[in-house]
Amino acid sequence: MHPRTRELLSQASTATITTQLLARGLRNTFLHGIKPLNPANARLVGPAFTLRYIPAREDIDVLEVFKDYDHPQRKAIESVPPGHVLVMDCRNQGRAASAGNILATRLQVKGAAGLVTDGTLRDTPEIRQLQLPTFAQGASPLTNLAQHHAVDMQVPIGCAEVAIYPGDVIVGDEEGVVCIPAHLADEIAEPAARQEDLERFILGEIQAGRPLRNTYPPDEATLERYRATTGHPPST
Amino acid sequence: MHPRTRELLSQASTATITTQLLARGLRNTFLHGIKPLNPANARLVGPAFTLRYIPAREDIDVLEVFKDYDHPQRKAIESVPPGHVLVMDCRNQGRAASAGNILATRLQVKGAAGLVTDGTLRDTPEIRQLQLPTFAQGASPLTNLAQHHAVDMQVPIGCAEVAIYPGDVIVGDEEGVVCIPAHLADEIAEPAARQEDLERFILGEIQAGRPLRNTYPPDEATLERYRATTGHPPST
Amino acid sequence: MHPRTRELLSQASTATITTQLLARGLRNTFLHGIKPLNPANARLVGPAFTLRYIPAREDIDVLEVFKDYDHPQRKAIESVPPGHVLVMDCRNQGRAASAGNILATRLQVKGAAGLVTDGTLRDTPEIRQLQLPTFAQGASPLTNLAQHHAVDMQVPIGCAEVAIYPGDVIVGDEEGVVCIPAHLADEIAEPAARQEDLERFILGEIQAGRPLRNTYPPDEATLERYRATTGHPPST
Amino acid sequence: MHPRTRELLSQASTATITTQLLARGLRNTFLHGIKPLNPANARLVGPAFTLRYIPAREDIDVLEVFKDYDHPQRKAIESVPPGHVLVMDCRNQGRAASAGNILATRLQVKGAAGLVTDGTLRDTPEIRQLQLPTFAQGASPLTNLAQHHAVDMQVPIGCAEVAIYPGDVIVGDEEGVVCIPAHLADEIAEPAARQEDLERFILGEIQAGRPLRNTYPPDEATLERYRATTGHPPST
Amino acid sequence: MHPRTRELLSQASTATITTQLLARGLRNTFLHGIKPLNPANARLVGPAFTLRYIPAREDIDVLEVFKDYDHPQRKAIESVPPGHVLVMDCRNQGRAASAGNILATRLQVKGAAGLVTDGTLRDTPEIRQLQLPTFAQGASPLTNLAQHHAVDMQVPIGCAEVAIYPGDVIVGDEEGVVCIPAHLADEIAEPAARQEDLERFILGEIQAGRPLRNTYPPDEATLERYRATTGHPPST
Amino acid sequence: MHPRTRELLSQASTATITTQLLARGLRNTFLHGIKPLNPANARLVGPAFTLRYIPAREDIDVLEVFKDYDHPQRKAIESVPPGHVLVMDCRNQGRAASAGNILATRLQVKGAAGLVTDGTLRDTPEIRQLQLPTFAQGASPLTNLAQHHAVDMQVPIGCAEVAIYPGDVIVGDEEGVVCIPAHLADEIAEPAARQEDLERFILGEIQAGRPLRNTYPPDEATLERYRATTGHPPST
């Protein structure tokens, strides 16, 4: 991901990005049902670092396992590179949490870009106070091994029924999280920014009383006004 | 709808209205699962203007269709009369949005009373800033044609598994949305207002320490106090 | 419940309590899907007083039944002792509410510790203003007899698929509600407090930049620092 | 229940009975999602004997409890009078079974009329061979205390979200199970039989090529033919 | 639809047809959750004739409405042309049936090709005896107006979340129902038949012990054997 | 797995095995919602060979991928050793099939013991004719890459929310599938056989008219009769 791509994507909404991906034939890129725990810090961009859970088994997943500092969940937390997003596959199951405040705080201290799970988180009152953008289906106080067994990391996973490959670019905002396949991130960053710019102009026109006809989508005359007003070239 | 009906209903809660409708044998009038996006602007009253979606098909519902300004979705937005509520039947499906901020803004500029969908909306961070009362099952950034095909308007629809006929009176508050059959709106407006007035009085009694017995529901002595205190006739 | 137990539990999070219960073999103690209506007043501790609903029947559950002040729902409200929590079994069904603002206010006036239902509540805009900690799956304006029939009280019930026996200790916070079997409340109160104290220390260490290794869970050296810093004995 | 009522109801379909109950204002009488395990033996009529389960708790519901022959589940099985139907409230949860083949066989030997649960049954390959009409949401091999705790019997319950009072009349056929409130069983038995008789005649007419118009529902001429052909008075 | 198309499609499985449609970019053509009531008569081909239901309302949808022989449901049944398939949009809701045995029998007598609903049917023990291919999500004895209001026919609908336009070609087999957009039916009929023929050959090879490699999908040598054995040209 | 273990387990029901596992603290071993496609061939015992799917992505999962004979799905089929069970993790999603008849036939030819998926299968009319025990949540004709991407094999997976490690022992019967952790298979085989033997005796007693008291569970006198009649030692 070029630095310019990160900059452009950090200003693009998930609404814009999903449209850009749809135009390229990708319909299943938004993580439905996953919401920001702290909407004020929902702006997120970074490559995915993946962690996979399978269902827990009572004889394996006992409280003592955490005494092993190389437990896959702990190891994953310590392995996320700065600027990356930890994405956890919990099979969309949330009776037990995927992680809690201490692990989320460690991620923040290490410079991770964000935390995304299709399960739940615990200690959410504290997590809501973090700067770290954090996305989940909700809250559950139960510790993860009551339902989840961390098994491996940096493998392709599903998260909220969307394919996530390590290195895909994760973008989040107040509406949720979208996954951009790694090879498309640079390609869509510029068109996404242009689309946003044009739509801001169109919104102004609508606020000023123009009807949808000729304005949204813009006809040639509207595009001409857009160019004249903003000096920007129109997006396509 | 008489102007007096609109005035009375705009002060009645959905709790009161559903009770009035239940007393007349109507049990299925509340749109379960549909919540206000901006609770501070949730007060809504107006006749329903309906728009029906069916599932999208990949060869028909392509991004290019919006170049036709007579596309049914766009036409519906421009057709909602001032003071009316656009109610959209999305079959309770929300993977793709029913509409976004530009269309919602256009509705507001045109003087619509509100926007209700049993699906989702996109651009919700911006929609939450509108004055327009807006109700949905949640947010999705995906543009509507990824799942929905606008097909016709002003036909009877289902919304959140409630029958909505064009002209039915839609009332919303922070708890959600209720649909009053057109022929009952005038009939229940006055009893609803009286019920609210009486219940406010009863609440004061309970806050002052009276037990439920004799107070809720009010016996004759409580009704007498109500009349004496407020000068109002009791509701039935 | 010893007064000291109440004091300790009122400072323990549901995250800590569910871990203590899990350590004792109890995996199903959290009421999944039940959330505080007013998160600022979510701190709740008290013994359970139970009310059981079955599905309503149209010929029995008519609006007139409330004229009987000994109707089981009303009687239950008046029977909850001060400091107790009214827990209602609505079979996880929420199309109609379990109770509304007048009944919740009466509970508050009588000194109840809280109100928990696995269904919904009505008049939630007003209920959100109460001091009474109140937990539900959400809001519905429909009066309870449209779906529920109050049948008996102080029997063992299920609430959100968790067993609740009268007298079990209910604890709530912003993440939701946990049920502690009566015989375990005193036993876990002290360990829970110690666990919270230790985890606060560990969080400080993590915030200061320490890695998970040796810190979380704490090794002997970390425990030593904890004892030295706080003067507290370590939890186990 | 008059013997004549039992005889008439044992020939009426659940389709006919639900229509008779709907005509009397009862819309929620069919146990949705509950199917016969052995459709060839689905014909069932008898008064309800109820058993209520709540969720299990790991420290109470251990395999040893069955050593107590007065365990509520075992006691319920032994208490069902001949000709009655054991109806079990499992909160519509089926991860663990409500009962297995040995208990079902005991019910059959004792002369029970049938077995209905809104949960699951185990040993279903064997249960399918019984004469006893048996209805459930499906099969699960897990023994009941993995999820269920039998708590009391002969109290009003919900089963598949339908109210069941002890003594209500349970009728089953290949489509499933309907609950007739006790006070209506005698009242609807005769009209149900007449409706079935008339509809058999109408079906013959339709099979012979008559259109729906004038035939279904029958106009006066069709009713006349019905009376002339069968010698029966028309149902209403 | 050419007669040849009907002939070819009546021998093609839904597995083959969904693959042909997927190859043309259509991913949402199978009616998930809809099963044949009588698998022995599941083979179905014919153009769709649509009927749309919205939710019922208690004051409109009373048992008396059927006295009007022009009630939309009855009118739809009488309007289905021979060889066509009645497809009903019940919003995937099945608490009340979409139709019963008398109406299904009338359809059969009139020469309809089949009956498809995304809701339920009643009188299913009798319907299972019909020759008419009949598909539904299951059985419910409740008459349709307890939940459904027939509103109009021959409009585009959704059925099991698939778009159905009047005239689309409906194909059914033991696995369920697929909808072929009208303009594609002729186009895919021949390739579907060729695909089936080739796969039958491949299956024989696999049964004879060949590995997947080189056989499935067929390499040039396998295709050569296919051509030599069957004399047919290979599908693509 | 000892040959004797396989022999004993092939006669034990899933009801018995789940009880043996529950007695050892394992509550989550049955694959809920997964049913045999051909109940007459449901008896299944064998070690698990796992295949993991993640969600498909439109640009990767195109029909052409199958031209690669080393595609992970095809490779997995060819890698299952004789006597092993292919267990597929489809995240409980079934809109597209996990496999079809040609692959299932190849498995059978190669001597696999069975096929289990928590998704669906296609070509089920043909699969039902195979000898191979086959378990799925149902049928869907859609080819797998419309929803699934085969990613790796012989890693730990979840199947129907149960943990499956390669080599765990899979047992199936008409009620479904249970997973025995590898290290417990030999341990429980003998007790399971003894439990079955004892329960067959108890069933005979119940059929002969004995009450549950003293018989089920058996008291010492019943156990004595069991030993005397069968010559077997009692299970515990």
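Here the chain labels run A, B, C, D, E and F in written order, and each chain numbers its own residues starting at 1.
Just so it is clear, contacts are C-beta pairs under 8 Å (C-beta built on N, C-alpha and C of every residue); 3 or more make two chains touch, one makes a residue touch a chain.
Only a predicted model underlies this, so the values are computations on that prediction, with no experimental measurement involved.
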| item | value |
| --- | --- |
| Chains touching both chain C and chain F, listed by label | A, D |
| Same or different contact residues where chain D meets its copy chain C, judged by the half mark | same |
| Whole-Å gap between the CA centroids of chain C and chain E | 50 |
| Euclidean distance of C-alpha centroids - chain A vs chain C, Å | 32 |
| Inter-chain centre distance, chain A versus chain E - centres from mean C-alpha coordinates, in Å | 39 |
| Shared interface positions of chain A, touching two or more other chains | 27 |
| Inter-chain touch pairs (all) | A-B, A-C, A-F, B-C, B-E, C-D, D-E, D-F, E-F |
| Complex interface listing, chain F residues touching chain A | 24-28, 54-60, 91-93, 149, 151-152, 155-158, 161-163, 181 |
| Residues of chain E that touch chain F when the two form their complex | 13-15, 17-19, 22-23, 27, 30, 32, 173-176, 178, 199, 202-203, 206-207, 209, 211-214, 216-217 |
| Residue numbers on chain F that touch chain E, as the complex places them | 63, 66-67, 69, 74, 77-78, 94-95, 97, 100-103, 105-106, 109, 122-125, 139-143, 146 |
